[in-house]
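Both of the next two complexes hold subunit A, though its partner changes from subunit B to subunit C.
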Partner chain A sequence: MLNLLAQSTLPPFSVEGGSQQAYQMIAITLIAGFAIMAGLMFAPTKLRRPIAVSVTFLAGFYYVLLWAWPKPVELATSEKPLNQTEAIGRWITDALPGVSSISQTLAALLLGLGVYSVLRLHSTRLMKKQKDWLFSLVLLISMFTMVGVGYADYNQVIADPTKASPSGWGPMQYAKDFLFDGMLQSMDAAMFSIIAFFILFAAYRAFRIRSVESTVLLGTALIVMFSLMGLVEYASKNAIDSMTGGDPGHFLNNFALSEVRDWIQRNVQGPGIQALAWGIGIGSLSMGLRLWLSLEKSGGN
Partner chain B sequence: MQYYDTGWVGVAVVIMLVSFVLYNIRRARKSDGQVYIRRIPGLNAIDEAIGRATEMGRPVLMVPGLGALNAISVQALNIFGHVSATAARFATPIRLCCGNAAVYTVAQEIISEVYQKEGYSDRFDQDSVRFVSDRQFAFATGVSGLILREKVAAAFLLGEFFAESLIFAETANSIGAIQVAGSTSNTQTPFFIAACDYVLIGDEFYAASAYLTREPVLTGALVGQDWIKMTMIGAVLLGSVVTTTEMISGKQTSEEIATPAPVTEKADWSPGTTTTYEWKPLTEPRTKTRRELLTNRIFSPKAPDKPQRELEPEAAAAAPPTEGGTE
Partner chain C sequence: MQKLLNLNRFAMYALLVIAVSIPLFMPASCTTIPTLTNSNTQDLYIELMAIPEGKTVFVESDWTVSTRGESAGQLEAFLKIARLKNLKFVLFSGADPQAPQVAKNVIEGLNARFEKNGLKPLEQWNDYIDVGFYPDVEAFWQTVASNPRRVFPGKTAYDPVAKQDRDVYESPVLKDIRKTSDIAMVVNITASGTIDIIVQRMSGKGAKLAGMVTGVMAPEALVYYNSRQIVGLSGGLRGVVEMETMMAKGVNFSEGGKEPFVKAAQFDGVIEPLPASYQPFARGMNYFASLHAALFLLIIAVVLGNVGLFMTRKKGGK
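Right, the complex of A and B next:
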């Protein structure tokens, strides 16, 4: 059987894959999951919100505890905690991989819904022969081929580890290499390279003199761009040196292109970015608080 | 001089900041959220963009970025909820493309609920909210293809974007779509500014839902955020004054010497450490170094000593016998 849940190191609160305890835990989790779902479905409407609010609060509370609870100083796994505070601190830290895996499991389940969305959208277009149905056909064929080849390759490499290296490759490994590295990665790189041209077009529009602000932007951008060109920077340094006679303490040295660029980056760009980051951080704090305490109402109303 | 325990300073500061937000939410609830919020052009343009799409009979595109389901995505979906409500009233088609399956699931719930609330459930097309791909450039290609094929009239690019931001913005610009963009990423905001019509910069993104809905909880939180900013500005100014004064006039007359020593008082226990701190007078007073300044000391605690701890039975059995013990 495929070891789909293989992990390099076993985190705390986990059991050995394939052991009887693991199967027991899977069964208990499934039963508990179905019980929770059934409980939620049959719960009175009035109770649903308090349940959701409680679950959200508890989920967030763990991370609050993780941040605020005093951390034991250099507590090794071979040592016993000194007191209750250290014991709880260790328990909170050890639970982190387990708690994180809950969100990973949820994300994996939700990916299924995403794939279902893609399948429904494109199969409908294909069935009804709507506009651009040929693209949908190509998408579905590519999707199934990649899934099939990838899964077969994975199976074969697990059964015969020599197939992991190119010297032991079979037809399925070549097919996977062609589809993934040969096609998908190349197309990714092609899309990425388009950005270079888009930057040029966007910069052309942004750096036109339309207002005082755009003129300042243009001037600043030119200084930074020129200062990064070796030849221009060299010429600017030479010009300054000829005026100052090579005196490093001369006032005019402040006007060398690299000095002006450093000044802009240190005193204009840096603080600007830090101020933005501060605002965003405070916004995130407030948003997180509203979500954690279920004060946020979604839906634009 | 004993340093402050900055662990508690940090926690206390965060509790204070959190209490600002909660207090103002409570205050706004009492006063029905009537607070002044300055004009944000990007958000005023939403109705204009949807109106244009309605006149042209073309769809409105919304992209919450590639980020996972977090505060940024939820905020983007909140704004999209407002956009969808307006689009539902005018029967303007919408397209919401997701690059994360969890965001897709939540987006579908939110948008469907919005159409229900507006009383136009029949106008909601399940395929208008779609999952494209969680692979960055596959997502970029899919969304760009949709922009070009369906010739969207307005594009709302709000959320967590990476290198694909400029691909969306430039593609939408090439077909003349009105673009409203906003990202919390400092590296992508300049691209949006260069390529889009309206951009929500920095925390304007988080202020958007309060601006659009005027809901007391949201406006209260916004006021709380302003209180936090004022406090921080005050702290920065105070810190600057204290540091400058200390650097100019403060002289260091002694320096602290830390002497760490191992502790093995209890046999069969793991060894610990203890550090003794001693103030040694300087022969000549000198200017304070950066580490000796008050502002630095407040936020740089001394490393705590490792206490001696009893070993777990297996570790104790495996450990070599140690010399003597005072117990």
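Right, the complex of A and C next:
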């Protein structure tokens, strides 16, 4: 088992990507996965929690060991570990790529779960002709077109790598470019640009001098906004230079816009962000421990 | 005065559209804005230009077209330096499944310009390896930090000479990478908080870390620059303009006895401007006037709102 996870030798189920055997393996894994899921669903209720708790604990325990267990430094592959501690340390380090691959696969499955959820929601709405079913139809058609064209393009590029560069593009590559870059990305950018309008109106409505705190906030925001404008900063520097005669040691240099901005960033903004990050870090640690030890019971027990 | 407190929302939106759009239709000579360069961007440029030729950089590209104005310019700036210095790079994404394709589109666009200007395009396998999207980016960096030789097991790429797919570790990009200190630099071009993960996993592992982030993420990333956990930082559109300014005018470089436009007090050497074949250096500057217009409108709106509030209070007090 240790060698298998550490992949010191290729495991027996290792096959070439894209081969017939690989597809067979995928099919077997899927069936096995569904069988395990079904087994869990039919498992007695009292047994489900211990299984979930054990799996969660083991998964987290690996990373705790990775962090805490002493690791051999610069041990060459040909060298044998001196003792059991070093051997375990070496195994933990060697197993990381394997564990990481499992982790990548699990995270990728979450994307698949999202796709499944979208499909289920919108196909139900379409079948039952619920409110706005037409939008669901557009969504599903767009989704299948993008998947179909994307997959066809992927297969063609695999078969003929010259199609990867624009000089070798065929109809499918143009179609993918039109759908992805011409439509999806442009609409994505258009949606994002709406934020500018909200920011403008929100700033107009919210940045009002109502108290000492809001005055300080407004003043600081104005300085930072002015400093983002290269022209204003450049003019401010030139104005200060003309007053100081270009003397870098002159006291007035402290009032150049860039200096004031740097002071705010280093002494106000930076420490504020660090304090927040510290708090979030402590919170994450506490939440991580609770999840690892299955002390979180909000999901129902 | 009450009117100042209740400006029409749609009039403001229309003003914003007009203010932002006009500079986009003006000739480049009218919208070129002289810009000072900050020490964080200077350090990024100096560190990138100091990487020895042929070394490998890991580039995590975590942005999509939503932040094209900022991030595409940053990626282009890096790619131009990579071409000039013949740097190899591994390209991947960890924040968005769309990001690898977006980055590839930028490379294709820039390659067309390189070829037009007589430069060699960036070639997959020889100059870079695109390893795609990693949904669990924490696990990815943890593995890089542990053993960069085992991050891409079974990953292949097309070798144009052998005319077949080969293991990425046989490519000129990765063949010399044995430990983390063999990675010349890790550059994160991001519109999200992924730089935190890189700093957490890769600090003290021998590879220099750098960030090219959006304006929104710049304040957070600046904390890492101030603590020297990253060697340089380009923040937002302003950062792109600063990078391009240094490419066009060099660093501590004086021409015709004039004062250098970019003076980096922390750097003893001189960096010459990039050759003319790498021009134009206007990816950021094209949008910089629009940013000025938007910020100016924002400031005017805030001032008007406060003047209205002040006058109303004064009137009420009387």
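Just a few scattered comments:
Heads up, the rule we're going with is that the second predicted complex is superposed on the first by the 202 of 301 C-alpha atoms of A that agree within 3 Å, B and C clash if a C-alpha of one lies under 4 Å from a C-alpha of the other, contacts with A are read in each partner's own complex, and residues count from 1 in each chain.
FYI, a residue touches a chain if its C-beta (ideal position, glycine included) is under 8 Å from a C-beta of that chain, and two chains touch if they have at least 3 such contacts.
Since the structure is predicted, the reported quantities are computational estimates derived from the model, not experimental observations.
In the superposition on chain A, contact is made by A:L113 with subunit B only, not with subunit C.
When both complexes are overlaid on chain A, the residue A:P97 reaches subunit C alone and has no touch with subunit B.
In the superposed pair of complexes, A:L228 makes contact with subunit C only, with no contact to subunit B.
Contacts of A:R205 after superposition: both subunit B and subunit C are touched. By the touch criterion defined above, A:A68 lies against subunit B but remains apart from subunit C after alignment on the C-alpha atoms of chain A.
Applying the stated contact rule after C-alpha superposition, one finds that A:L121 touches subunit B and leaves subunit C untouched. Contacts of A:K163 after superposition on the shared chain: neither subunit B nor subunit C is touched. Judged by the touch definition given at the top, the superposed model places A:S78 against subunit B, while subunit C stays out of reach. Once chain A of one complex is fitted onto chain A of the other, the partner contacts of A:S284 are limited to subunit B, with no touch recorded for subunit C. Once the two complexes are overlaid on chain A, the subunit A residues touched by subunit B in the first and by subunit C in the second are 106-107, 110-111, 184, 188, 191-192, 199, 201, 203, 205, 273, 277.
Interface of subunit A with subunit C (complex): residues 7, 17, 66, 93, 96-97, 99-101, 103-104, 106-108, 110-111, 161, 164-166, 180-181, 184-186, 188-189, 191-192, 196-197, 199-201, 203-205, 207-210, 218, 221-222, 225-226, 228-231, 233-234, 237, 258, 265-266, 269-270, 273-274, 277. Contacts from subunit C toward subunit A in the complex involve residues 7, 9, 12-13, 16, 20, 33-36, 38, 64-68, 97-98, 101-102, 105, 108, 111-112, 124, 134-136, 139-140, 142-143, 146-147, 150-151, 153-154, 156, 158, 160, 215, 219-220, 222-223, 226, 236, 238, 241, 288, 291-292, 294-299, 301-302, 304-306, 309-310.
On the subunit A side of its complex with subunit B, the touching residues are 68, 70, 73-82, 106-107, 110-115, 117-118, 120-121, 124, 132, 135, 184, 187-188, 191-192, 194-195, 198-199, 201-203, 205-206, 273, 275-280, 282-291, 295-301.
Per the touch definition, subunit B reaches subunit A in the complex via residues 7, 11, 17-18, 21-22, 25, 68, 71-72, 74-75, 77-85, 98, 101-102, 104-106, 110, 113-114, 117, 127, 130-138, 140-141, 145, 149, 163, 166-167, 169-170, 184, 186, 189, 191, 193-195, 201-203, 205-207, 209, 212-213, 215, 217-218, 221-222, 224-225, 228-229, 232, 270, 304-307, 309-312, 314-315.
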